[in-house]
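One chain, subunit A, appears in both complexes that follow, with subunit B as partner in the first and subunit C in the second.
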Partner chain A sequence: MANSFSAIQIDRQKLVLLSILAAIVVAMSFLSPKFLQLSNFQNILLQLAPLIIIASAANLLMITGNFDLSIGSVLAFSAIMHAYMSKLGLPIGLSIALCCMMAVLWGISNGIMVGYLNVNPVIATMGTMYAARGFAYLIARWDGGANISAGLPSDFSDFGRTNLFGVLPIIIVFMLVTVAIFIFIEKKTVLGRFSFAIGGNRKASVLSGIKVPQMTIVLYSLVGLLAGFCGTVQVSRVGSGFPNIAEGMEFDVVVAIVLGGTSMLGGSGSTAGMIIGALIVGTAANGLNLLKVPYFYQTITKGLLLIVAVFADQTIRRRG
Partner chain B sequence: MKKLLGLALIASLALAMGTAQATNVTVGHVVFNLQHQFHQAIAKEIVDYGKKMYGAKVIVLDGQGDSDKILKAVENLIAQKVKAISIHSPDQAMTLAAIKLARAKGIPVVTTLVWPAEKLAPHVQPLETPSSFSMGILAATKWLEANPDKPCRVAILDFGKFPPVEVLRTTPFWQGVKSVDPNAELVTELNGQGDTTKSMEITLDILQANPEVNIIFGANDEMALGALAACEQIGRGKMDNGVALTEVIAGLDGNVSAMLKIFDPNSSFKMTHGAVRDVARAEMDTMIGMVTGKIDPKKWSETKVLSVVTDYWNSSIPEAQVFLQDNFLYKGKLADDIAKATKKK
Partner chain C sequence: MMDAGKADVLMGIKGLHKQFPGTLALDDVSFDILRNTVHCIVGENGCGKSTMIKILTGALERTKGELLFEGRAFEPKTIREAMAQGVTALYQELNVVDDLSVAENLTLGREKQRFGFIQKDADLSVLVENLRSLDDSIRLTDRVGDLSVAQRRVIEITRAISTDCKMLVMDEPTAALSEDETRRMFKVIGKLKAKGITIVYISHKLGEVFEIGDKVTVLRDGKVVETREVAEIRNSSSCNSDSDACLELVRMMLGKVVLEEYIPGSNIQALKLLEARNLKTGKLRDVSFELYKGEILGFYGLVGAGKTEVAQVLYGIDPYSGEIFVKGQSLKISSTAKALKAGITMIPEERRIGGIFGQLSIRANIPMMRMEKVLTNGIINRGKENALADGYIKGMSLATSGREKKVAQLSGGNQQKVVISKCLNRESDVLLMDEPTRGVDVGAKQEIHDIIRKLAREGKGIIVFSSELPEIMQLCDRIVLMYEGEVRTVLQNGKDIDSDRIMALVAGGEVSA
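Presenting the complex of A and B:
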């Protein structure tokens, strides 16, 4: 009975989010003739893909009651490292694999600090955020400048700009695959179930035999892996390595996750909700750009959307 | 003879010491943001030139693109009792406050590029306005040469309609386009935040809403590179040996990343302008001038510096090589780097 009530409650949350998304889509469709086009939805997904990929893992992490502020910095570290190694002549594929491994190490480091050493996740991941970003700048300096552009191989951009069947950007394909995997993990695997259990009651989870520190490390590693992978894709899309890439991305990820109904205290949330949250932010930003609305209004809109969605969510929870 | 040599030696040593005493000073340079190639290069040149020309020590502090941090950096330099400070900040009100703060402690200040809210101190001004105008003319001319039946449709990526950037960069560029094509239309002007990835995303939206856009101006090279990346992702960004096929892109600063694209005959990013070395040297000269009393630190004076245009059609790779070596500490071989980065057709 409790489960079915909870399911209804969550569905109602998603309904509110979908209503907000639908309202944005309808409004933008009236305001801009270019909005309601297939190419524009592909454009929105192209821009949201890195965020959704990383948020898929970060969402599960937040369901355990933890979060990761180092996402943008790990992405930047991986991006600049990929450019650096490619410039040194490493094959692109090998460079991507090595960057992903290094990003996983950042994740493991976060996981050990939070899971084993019980460092507050904000402090632990903030430390990583500064360290990884600092290394990104340092690597650019080793190369002799503020970024890495000279000396990159001519096929450096090919990976990030590949279109599957000539039409579907590869990063959207990665996004679809990642989302499918994380919905599966969330619904069908021990990792998913334990994440909810840890977020719901950490002490009870420990007492019931769940290896909370190990689970925490696994989840932080997954976030690191995806941030690292997205770094290699993004730097390839841009065509040169900038260490300031993805600055503030961690907040965009948190906004998408919280908008999607995942509790910052853990215990509840869903990948599907996170996707709707990301779509709300991405669709609004896209629509405002199409309407040539200045950037500061967009920032205000983003803030208002977050407040409205969280307020609606809280109201539903109270009434529930 | 020995006495004569000894006297000459003593005299030359005394002269050298006297010169050192006159110029062996410590000055401060507050960088707007060390993340950018432009600001890194300026800081490096100020340090090197100051040491070489005046035996001066320069304390460089990073403002990290934040007015509050820039002001704190100025306070830090005041506490270190430097003899003069150069500030590069887009915050005109904060710069004015910083000048007054330093002046209260007897420390003169020189500003660069963006003048303070009140013109009351020496200033170094790269002549960006005429260079931006001439780039607008060139962009429109080259577009219309290749596409005479398609009037210019311009998109601009700026820093959020920041007034000095409008005066120095975006407005003159647009006026340059308009002077060639009276039917030109400024389709949109959005904030690229000076960032490549953000500009890439915004340009994707711009081209979705306005596929007719055929000239894009990024108010720095990072934004122009983002615009190019967006164009390339949707099958645009192309030229055929310098003949415009899809659009013409212009940037600003003249850094290495931009040059690699500009001299790729098939890329649509084709022009930029910038001044680093001469700006840095003018800042250093002004600081020393104020310290030695040759320049009045309490009077507005403007040292003008040429902002050199580099473009695919009128500049050569050897010229760009020299520009990069002089201005961006570039140590590579531009021709080789271009060949490596350029895709074979």
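Presenting the complex of A and C:
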């Protein structure tokens, strides 16, 4: 195969991102003795895993020029639903499957609104964001409290806390698998190719016979599916369901994707870039944590990072 | 009356150039606009009219050249600056607020304000007087949304002339008007002239030039062909009627038709690939035609005649009534997917907007309309993709450093070849080509024509929609002439075909036996 390495072809933009990441790593290892420890890196990855999993699909969605604000809410909905159904006595596996299906339904509904009814993606998915979050609180109320922590089956946490070969947390395994699948989708499938086409030139896509609404629905469903799945893993890891879990996560996803070089206008981007973007955000946050920088400074840093990244993207585009 | 020698020039245009990346939109344009006249500007699409207006009204900066307004250098940087000096433009889109009353619309943007609050007593009297003088049927309390298009136009005009306007530039003011409303608009224009306002009038309806125009400037390919007195054209010996005079204008607009020899189609077969009966849309009126296997059918008409609309209907973009038969089977083409399934592919008019995926490589562009050809077990096979791309690059003599080049970086002609390759890969029987050589250089144009002929020989049915008469006459076996949404006639191409007659027909002349 002549091009089996195409997935890791490195262009200039990615080189810049990798240098930023390297700079952060080098700086942090001087500033904090704890930073270079293996357990710290595992920490960073554990923190980032759900984000990278969901962003894999959300990245492809953004390549089509759309995006999804309901990610955190769908994750929370799925998490609390999983806790609720498990507590009712449903087998864990069945409950996870059902939660994923419901999350896909949220995605389909986003996709129909955006793809067929031409509702602006910000508005459509913001509606879903509120609705799904509301359901999350409502389900906790059905259980009779503000969250679902007591009375879960004893094996509830087994799934999320599994370590493959005794060392690799299951969520990191899922992350690696998802990333591999999405690099494959991006490079080797019609879905991937059409995503670039739709984001690059929507009108030409329609005139070329590409079924833009259907593609939009598929991508929103994938984002929903992964958000829902991560919800079940997270709630299982934590061992209790909180309806306010992953609040604002959609913005972290956007930051990682945009930092990774995917344009908000669509048409360009890559899974590999998104991963580097996520690592930059994750490493920077971890470093600031180790340095005991107060949380609000971290938020400010994240905001500045995002603005600088988008500005750089626009400048590059205008010149290109 | 002015002395011919001392004509009172309101706006003098001298050696105006406008360079856009890749094209010279205006090339040494010079003419004078005399005070208190209606000065018409005509020309086909892309002749530079819009650029011209934009420069006159401060919306665009010139590259080179001089504008003198009332004898002084005129260099507006913005539309507002131009207005302040007395030049106002009315664009095709109406610039009124439907939900406000007539009075509110008139004072819009000129309310007296204090600390951001509107003071009610803005001075209406001048505005009201102007409005009355133009059209006394409009009441100040009417909601603008309830008025007719022409009346809304009058409100715009009132607003414009109440700001010490000396020159009013009107871009197709009658485009959306009915016959009656057009009459009304002409009356308004007459009144404006009586008030001493100079009007620059742009229209695709050539008949209007002879109804209201004093002078007319014809533009072609960014150059002035001629500026003439309208009366002089009408009274010239060859013109017996207004439609003869229109024909004279069309000749000036299109220029001398340099004909390459038409090579008759060699493989036209009796099989009817496509037949349309009585197609109707908002724009088209009972359009019927047929297309045979191996034939190149041309659609020709001036801007607005309905060529593009026919293509849009056949490709499932516009809704229509009437019947379409594909290989004898009646089909309702309600979407692009249906058109493609029926074996109809369109090469769209604007390749950048509707044709290419500029950010993607040539290799990625070509299979886009039929991915099956590059898949192995549902997965994109790079080897197949490369082979497909290389085949088209060779077959089309596409000039590129390689198949991985981004299409946006190719020249216009090569981009068009990518679009054609992409569409050919669909392997449809019927190809609709809307302006297949617009914006490509002469060499590439010839190559694209050769490709089209080759496709016809291979048995495709091809419809070429073009606003270039030489292209149509050189390429097409039969020619459908359109005028105002109607098929005027269908001509068989050959030695005895007469470009003058074609021009007369598309300008609205009578079909003689």
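Here is the rule we use: the second predicted complex is superposed on the first by the 297 of 320 C-alpha atoms of A that agree within 3 Å, B and C clash if a C-alpha of one lies under 4 Å from a C-alpha of the other, contacts with A are read in each partner's own complex, and residues count from 1 in each chain.
Basically, a residue touches a chain if its C-beta (ideal position, glycine included) is under 8 Å from a C-beta of that chain, and two chains touch if they have at least 3 such contacts.
Note that the coordinates shown come from a computational prediction; the quantities given were computed from them, not determined experimentally.
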Judging by the criteria at the top, classify the pair subunit B and subunit C on subunit A as clash or fit. fit
Figure out whether A:G303 sits in contact with subunit B (first) or subunit C (second), or with both, or with neither. neither
Where does A:P91 make contact in the superposed view: on subunit B (first), on subunit C (second), on both, or on neither? neither
Please compute the subunit B to subunit A to subunit C angle from C-alpha centroids in the superposed arrangement, rounded to the nearest 10 degrees. 130
Contacts for A:G267 in the overlay, against subunit B (first) and subunit C (second): which applies, first, second, both or neither? second
Could you say whether A:G134 touches subunit B, subunit C, both of them, or neither, answering first, second, both or neither? neither
Identify which of subunit B and subunit C touches the larger number of residues of subunit A. B
Nearest approach of subunit B to subunit C by C-alpha atoms in the superposition, in Å, rounded to an integer. 27
Residues of subunit A at both interfaces, subunit B in one complex, subunit C in the other: none
Where on subunit A is subunit C touching in the complex? 1-3, 187-190, 193, 196-197, 200-201, 203-211, 267-268
Going by the contact rule at the top, pick out the subunit A residues touching subunit B in the complex. 32, 34, 37, 39-40, 43, 46-47, 137, 144-147, 149-155, 157, 161, 169, 234, 237-240, 242-247, 286, 289-290, 292, 294-296
For subunit B, which residues count as touching subunit A in their complex? 34-37, 40, 160-161, 188-191, 193, 195-197, 200-202, 204-206, 208-210, 222, 225-226, 228-229, 232-233, 255-257, 260, 328-332, 334, 337, 340-344
Within their complex, subunit C touches subunit A through residues 315, 317, 336-337, 340, 346, 348, 353-360, 364, 368-369, 371, 375, 378-380, 382-383, 422, 426
